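Paired with chain B in one complex and with chain C in the other, chain A is shared by the two complexes that follow.
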Partner chain A sequence: MTAIETIRKNRWRYLSLVLGFFLFVGPFAIIARMINTATGNMASPTLHTLCYRMPVDWLFGGRWYALIGSVAAAFIIGVIILAFFMGPVFCGWLCPVGSVSEGVSRATPLPDRFRLRIRDPQVTKGLRYGFFAGFIAVSVIVGYKIASISSVCCRYCTSSVLQNMADGLTGQMSAVAYWHSGSLVTLFSWLVIGGIFMSGGRGWCLFFCPLGVLSNLSHTAGKKLGLYRMSYNADKCLDCTHCQVTCPTWAIAPDKSVDSHLCITCQECTNSCPQGSYEYGRS
Partner chain B sequence: MPVLRGKERRGLWAFVIAGATTPLALVIPASCGAACGGCPVAGGCFAVPALVVGMVALRFRLQEIGSRILDVVRQ
Partner chain C sequence: MPNAPIIAFAVAFTFLLTLGAAVYASDFGKAEMVHFRMAVPAGSVTSPTVIRGAGAPIEMAPIVIDLQQRGNLKKLLNPGVEGISTHTITNVGKKPVKIRMELVNVTIPVRWEVSANLLYDPDTRTFTEPLLPGESIRNLGIDWFFQIPEERLYDEIVYEGGLRLSDADTGEVLTYLPITVKNGDGLVSGSGGACH
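The block that comes next holds the complex of A and B.
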């Protein structure tokens, strides 16, 4: 499939991802702006208002009381509930962090042989949950003061990096002071390793996003109850492997089944399959 | 005791290596301040996520290549 054809077939998702940038990233941050206006909060709305990571860090670090009344916690719970019923549509259709790395990956003319793609979803899943277990371990170490280190949750935050990049581009000089080694590591892991050098550009989402992991766990539970998910019909399949090549999260196994622990319901497989083997719906 | 099949064992192995590496990747550079030059790890933390994913990919790629060679030899 040519690039133009891919864009045409997935135009609604790409438009939605562009919309996601304006909905969540400051200075636009339309959703955070609406929440701040409704709650009388005078702070400037940014992506940080709806942080993906801090509530997870609080929960496992023994600061669960911070979740009460937190807009970010309510947002995360909303995304997880949505994933339970509809699949991780936030990840696939709205998340600005994922859309930027996916966009960078697609826009970089690097041959596929130089990009990493793990073909076995079991291995990808193992790495994903392993890194998540590590994230929890660090939250526990920091939260319960087992070692005297400062919190690393915000130090490796792609949302912060993206927000400060947007701030810098819109002329806010405070963004210049933000950059430190942690943010540079994050930028490099997110856009270079996870974006350009991983097929599909969703490396950060796959391995380091705690909200992505929680969304997919919720989606897997919902799938078991027969709620919305991607399903595969082997009878129609011609074994052309277009679906495996286009899937940005490597969720399609060698037998072409869709792994709900990795799928973000982006429907690239549905749109790339010439036979219509993939469908999004309830069983 | 449950017996793990090959692909489950691969997944478990990936889980263990990632789970064991993440705290190191997060904790080691946590107090290094603004300059990688001042840290004994000397910016090595940049390479940790890539190394972990790369090691796992390489391990299974080598296994795949090895089994293909064995298939050819057997034929």
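The block that comes next holds the complex of A and C.
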């Protein structure tokens, strides 16, 4: 499938991803702006207003009380509940962090042989849950002061890096003047390794996003109850592997089944399959 | 289909990578974008201390940033700017105060970035709305970026001053937090964390 065909077939998703940028990233940050206006908060809305990570850190670090009344906590609970009923549609259709790295990956004319893709979802899941276990362990260690290490929550923050870059692009050059070691590591991991050098450009989402893990766990639970998910019909399949090539999160197993622990319901597989083997629905 | 040892290796790899990232962050975090907490009134904070009063106790200590203890990536790619940050200013006193902030003895350019859910006048660097006893400024984020000229990057003392918080109505100094940016002797401060 050519790039033009891909864009045409997935146009609604790509439009949604662009919309997601305006909804969440400052200076637009439409959702945060609406929330701030409603609550009388005069702070400038940014991607940080609805932080993806800190509420998870608070929960496991013994600061669960900080979740009460937190807009960010309400937001990620909403994302997780949405994933339960509809699949991780926030990740696949709205998340600006994922969409930027995916966009950078797609826009970079690098041959596929230079890009990493793990073919077996079991290994990808192993890497993903290893990170999540590490994230929880660090939250516990830092939160309960077991050892003198630092949280990985804010020191490696893609939201900071993306927001600073957006501020730079909108004229606030001072926003990109300061980089600490963590933000440099994050930029490199998110856009270079996880973006350009990983097929699909969703390396950060797969291996370093706690909200992504929680969304997929919720989606897997919802799938078991028969709620919305991607389904595969082997009878129609011609074994062309288009689905595996286009899936940005490497969720399609060698037997072409969709792994709900990785799928972000982006429906690229549906749109790439000439036989209509993939469907999104409850059946 | 991979066997169990490969999956176990995958789990262990990212688990240890994440722990390693935390250790690395604690290392460079002592000298890069140090985060600290502030209480008013706390007087002159000349040594590590716990400020008690209305609301939760606040740990404070003079800030000493050793530029030599920054991470190699920072030293290599972005050495000329260093930052400090706070998300906490708490009124531990008994009366509402309008807080005015001032950096003392500024000898190098410093850029301020302030966001808060409290009325703020950037010209006078004053929160024009009083902060009530026991309250912290909601959604506070203040970053100070020290822009270090290249010729001063390896000075023994790059900046020696402090942050003064005073009552905007009376001019009374409520809290003074010494800040030093230097090279050498290994003294560092800060929690090594961020956003906590």
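Definition applied: the second predicted complex is superposed on the first by the 274 of 283 C-alpha atoms of A that agree within 3 Å, B and C clash if a C-alpha of one lies under 4 Å from a C-alpha of the other, contacts with A are read in each partner's own complex, and residues count from 1 in each chain.
Assume a residue touches a chain if its C-beta (ideal position, glycine included) is under 8 Å from a C-beta of that chain, and two chains touch if they have at least 3 such contacts.
Fair warning: this is a prediction, and the values are worked out from it, not measured in the lab.
S.K.: Using the superposition on chain A, decide if chain B and chain C clash or fit.
M.R.: Overlaying the two structures gives a clash between chain B and chain C.
S.K.: For A:41, decide between first (touching chain B), second (touching chain C), both and neither.
M.R.: A:41: touches chain C, not chain B.
S.K.: Taking the superposition on A as described, I'd like to know which of chain B and chain C A:28 touches: first, second, both or neither.
M.R.: Neither partner.
S.K.: Given the touch rule stated above, what does A:116 touch, chain B (first), chain C (second), both, or neither?
M.R.: Once the two structures are laid over each other on A, A:116 reaches chain B alone.
S.K.: Now for A:207: first (chain B), second (chain C), both, or neither, which partner does it touch?
M.R.: In the superposed model, A:207 contacts both chain B and chain C.
S.K.: Just to be sure I read the superposition right, which of the two partners does A:182 touch: chain B = first, chain C = second, or both, or neither?
M.R.: The answer is both, since A:182 touches chain B and chain C.
S.K.: Determine, under the contact definition given at the top, whether A:131 touches first (chain B), second (chain C), both, or neither.
M.R.: After superposition on chain A, A:131 lies in contact with both partners, chain B and chain C.
S.K.: For A:193, is the partner it touches chain B (first), chain C (second), both, or none of the two (neither)?
M.R.: First partner only, chain B.
S.K.: Kindly classify A:85 by the partners it touches after superposition: chain B alone (first), chain C alone (second), both, or neither?
M.R.: The answer is neither, since A:85 touches no partner chain.
S.K.: With the two structures fitted on A, what stretch of chain C runs into chain B, 23-31, 41-49, 77-85 or 149-157?
M.R.: Clashes occur only in 23-31.
S.K.: After overlaying the two complexes on chain A, where does the chain B footprint on chain A coincide with the chain C footprint?
M.R.: Residues 120, 122-123, 125-131, 133-135, 137-138, 141, 149-150, 152, 155-156, 180-182, 184-185, 207, which sit in both footprints.
S.K.: Please name which positions on chain C make contact with chain A in the complex.
M.R.: 1-2, 6-19, 21-26, 28-29, 32-33, 70-74, 77-78, 81-83, 111, 113, 115-119, 138-139, 141, 145, 147, 191-196
S.K.: In their complex, what parts of chain A are in touch with chain B?
M.R.: Those in contact with chain B are residues 116, 118, 120, 122-131, 133-135, 137-138, 141, 147, 149-150, 152, 155-156, 180-182, 184-185, 188-189, 193-194, 197-198, 203, 207-208.
S.K.: For chain A, which residues count as touching chain C in their complex?
M.R.: 40-44, 48, 54, 120, 122-123, 125-131, 133-135, 137-138, 141-142, 148-156, 174, 177-182, 184-185, 207
S.K.: Quick one: in the complex, what on chain B touches chain A?
M.R.: 7-8, 10-23, 25-27, 29-36, 39, 43, 45-46, 49-50, 52-54, 56-57, 60
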